[in-house]
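Lettered A, B, C and D in written order, each chain numbered from 1.
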Amino acid sequence: MLEELKVQVWEANLELQKRGLVLYTWGNASGFDKESGLVVIKPSGVEYEKLEPKDMVVVDLAGNQVEGGLRPSSDTPTHLVLYREFSGIGGIVHTHSTYATIWSQAGRGIPTFGTTHADYFYGEVPCTRKLKSAEVEGSYEDETGNVIVETMKGRVPVHVPGILVANHGPFSWGKDAHEAVYHGVVLEELAKMALHTCALNKEIEAIDQVLLDKHFLRKHGKNAYYGQGTL
Amino acid sequence: MLEELKVQVWEANLELQKRGLVLYTWGNASGFDKESGLVVIKPSGVEYEKLEPKDMVVVDLAGNQVEGGLRPSSDTPTHLVLYREFSGIGGIVHTHSTYATIWSQAGRGIPTFGTTHADYFYGEVPCTRKLKSAEVEGSYEDETGNVIVETMKGRVPVHVPGILVANHGPFSWGKDAHEAVYHGVVLEELAKMALHTCALNKEIEAIDQVLLDKHFLRKHGKNAYYGQGTL
Amino acid sequence: MLEELKVQVWEANLELQKRGLVLYTWGNASGFDKESGLVVIKPSGVEYEKLEPKDMVVVDLAGNQVEGGLRPSSDTPTHLVLYREFSGIGGIVHTHSTYATIWSQAGRGIPTFGTTHADYFYGEVPCTRKLKSAEVEGSYEDETGNVIVETMKGRVPVHVPGILVANHGPFSWGKDAHEAVYHGVVLEELAKMALHTCALNKEIEAIDQVLLDKHFLRKHGKNAYYGQGTL
Amino acid sequence: MLEELKVQVWEANLELQKRGLVLYTWGNASGFDKESGLVVIKPSGVEYEKLEPKDMVVVDLAGNQVEGGLRPSSDTPTHLVLYREFSGIGGIVHTHSTYATIWSQAGRGIPTFGTTHADYFYGEVPCTRKLKSAEVEGSYEDETGNVIVETMKGRVPVHVPGILVANHGPFSWGKDAHEAVYHGVVLEELAKMALHTCALNKEIEAIDQVLLDKHFLRKHGKNAYYGQGTL
């Protein structure tokens, strides 16, 4: 069942480690099969070295486990909220990558300080508000998804492919699990650059809208001319 | 004698190097055999590359060398204080890992800035007071253990599996030598994140108690639901 | 056609990745053949792992594609401006390397804080002004080249072999593509050192002119005595 | 001639690269043969990858080249001053390692912030004054050695096995070339830790003399009990 997607999600999870985004089991990647409406996700707390494609867990969008002998990631409910709410999303990644987590812990969104950022995120990488006590004590993982959705209101998920959850860490997404990893790696690098940019120039502000438009749209707009896509 | 434990302690020492926690010989791991009441520890000042399981030294809790042709780590008396005082501890690690040492040198405990921290430490990673002159000039390594015990008063060692010794560096512990290494690696990452979190938001405070409870207890409480343990 | 130069440019592109200057496809190197007046450059958005010498694209100084089945780097017009305007330049590199990009984002040139800097750059690594809206909306990549040329006015390109484009990142150059990579690596290290030098001593100023002269000229002047060149 | 020492110096130079202390050719190690009064040193500007033991250059303490087809490191005169002035020194290393260079550029000595430092340096790692114009324009490399000697006045070289040259970078030494490398690696780590210690606690001061004595002397005094040396 969904064998191809399982391999892809397994590869994406391994790439999180290879790219230095996770220590031990601190991260997870999932993929969404649009046709069946099912999600494939990493099992909870299993070492990356021991993972195999067959260990991937299949759940439906309501959270029912459909296949797999292991318990899914404890963050599964958060992934499911995002798949239900964000259109065009086929993969999600959550990590505690160092620099993105630093911004999350500081409770600050990452301003658009340069074209590296503008090439992937159409504006600030937002940071959620803190969860309220009732949300933490209630369905915590669902509420984490809900506060992400709340924060993304007015933003187009495919144009802002990641977010920081306050006090916690980053989530990123993309058209599939691989692109979600890619955006997680980009977000980590943007976070590192932005941290030191603030230190070096305390008055620095986000780049002009015109430069943001130029860079984002030369890669993502309908007149995109970066890469080989429309050659 | 204790051949299995020697292999485990040897592996734990090597992992300190593999994980980037030690330069040269700047660290040591030990393990405790509850049944015999004996401790296996790394010999003093031997390069990791040359260590073999048979080089591990066996001492009793009073510090008498029971086996081994090499002198035990100069930090052995500190380890012994902790094994005598902390219940449920089967492994101890001491390193001078970069970021944990920075906090030790700065004389500051690491606040609970995020859920990464809360997943492993139930509150602040404390920093001891400075040792008094008489303590340094007396039984220095014993006194290092004593000041750790003093600082941990009111904390449960298995819930706060590491500490910073002021002007010195971190000690971590766990149910065995491997878990002590694991907690040393986690502590180093928390220390790095926390350093930059402070720089990015000078007013940042520890997370709410409710979030600390949620994260620590979902992994460690009796209703833990992270990982595969209770599936 | 230009087979030797293609291999050299291909190698230079791979070295960008090997030296840690690029994430994914975030960089490009080109080489100039003085005799034919042609430029060899990396194709746009192709993964480094998949690049082969035959994928390199040949363009003339006016930007006409002379050979190659792939579209050239989107930064090609910027490279061409520099080849047309700077004499003695045979290779150009553009990256988003972490620390050089941080200075670019902060909009600050890198002062000559030490002899490491003075060994390669005869004075500050300048940072351009921000582009105006009309420049961004017009021929953006040409204007990026133009603002580099404007900023370098009064400086000798072979003595200041790199620059920071505000809000964007570094460009470096040299007598060929390999030397351009070399200067990109040096610039990244200077940027890292300078960032922390500022943090450690907020009053720090550039080194004296006499020390700058000494170091730059012992490597680059007509009386140079570093290396084996004139032995 | 001095074949064994050549191999040792060659190994020490390679280790500088392996340990991450040098970029390209930015460093050199030398060794001193007490019996013959000759110094073996790396040739100037040769890539580490291409170095062989036979490329090492032999000079006497007055700077006359005694053997070797290549020109010695441009820093040779500085090494020679130190061999002439510091007793007990059998190896010297100069690098532009990142964090030690940052302190050099900032013109600040590294305070004894912790026991890691106290284990190797008996007090502050000093930073020289800036060279005067006449010194830079005169016998620059000799004067670099002279200002090191001037700064070390009142300190015992074998107890303070390294120094920062203002605006430039670190020199370290030891009983042979390998120990000089070792001290260079230690100095780099101390510099990194100290940089962030200052950032985390702006009021931090050096550790107490009694703790410095304890740590330095338990490794280096006549009653040393660290390691296996006196077992």
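A few remarks follow.
Criterion: a residue touches a chain if its C-beta (ideal position, glycine included) is under 8 Å from a C-beta of that chain, and two chains touch if they have at least 3 such contacts.
Here is each chain with its UniProt name: A, B, C, D = L-ribulose-5-phosphate 4-epimerase.
Given the structure is predicted, the values throughout are model-derived calculations rather than measurements.
These two copies of the sequence, subunit B and subunit D, are related by a rotation of 90 degrees on CA atoms, to the nearest 5. Once the centre of each chain is set as its mean CA position, subunit A and subunit B turn out to be 33 Å apart. Subunit B and subunit C have CA centres that are 46 Å apart. Counting partner chains per residue, subunit D shows two or more touched chains at residues 199. Viewed as a network of touching protein chains, the structure reduces to one closed ring of chains, two contacts apiece. Per the contact rule defined earlier, chains pair up in contact as A-B, A-C, B-D, C-D.
On the subunit C side of its complex with subunit A, the touching residues are 23-24, 26, 43-46, 70-71, 74, 96, 98-99, 101-108, 130-131, 133, 136-137, 140, 167-169, 195, 198-199.
Residues of subunit D touching subunit B in their complex: 113-116, 182, 185-186, 189, 192-194, 196-197, 199-201, 204, 207-208, 210-211, 214, 218, 225-229, 231.
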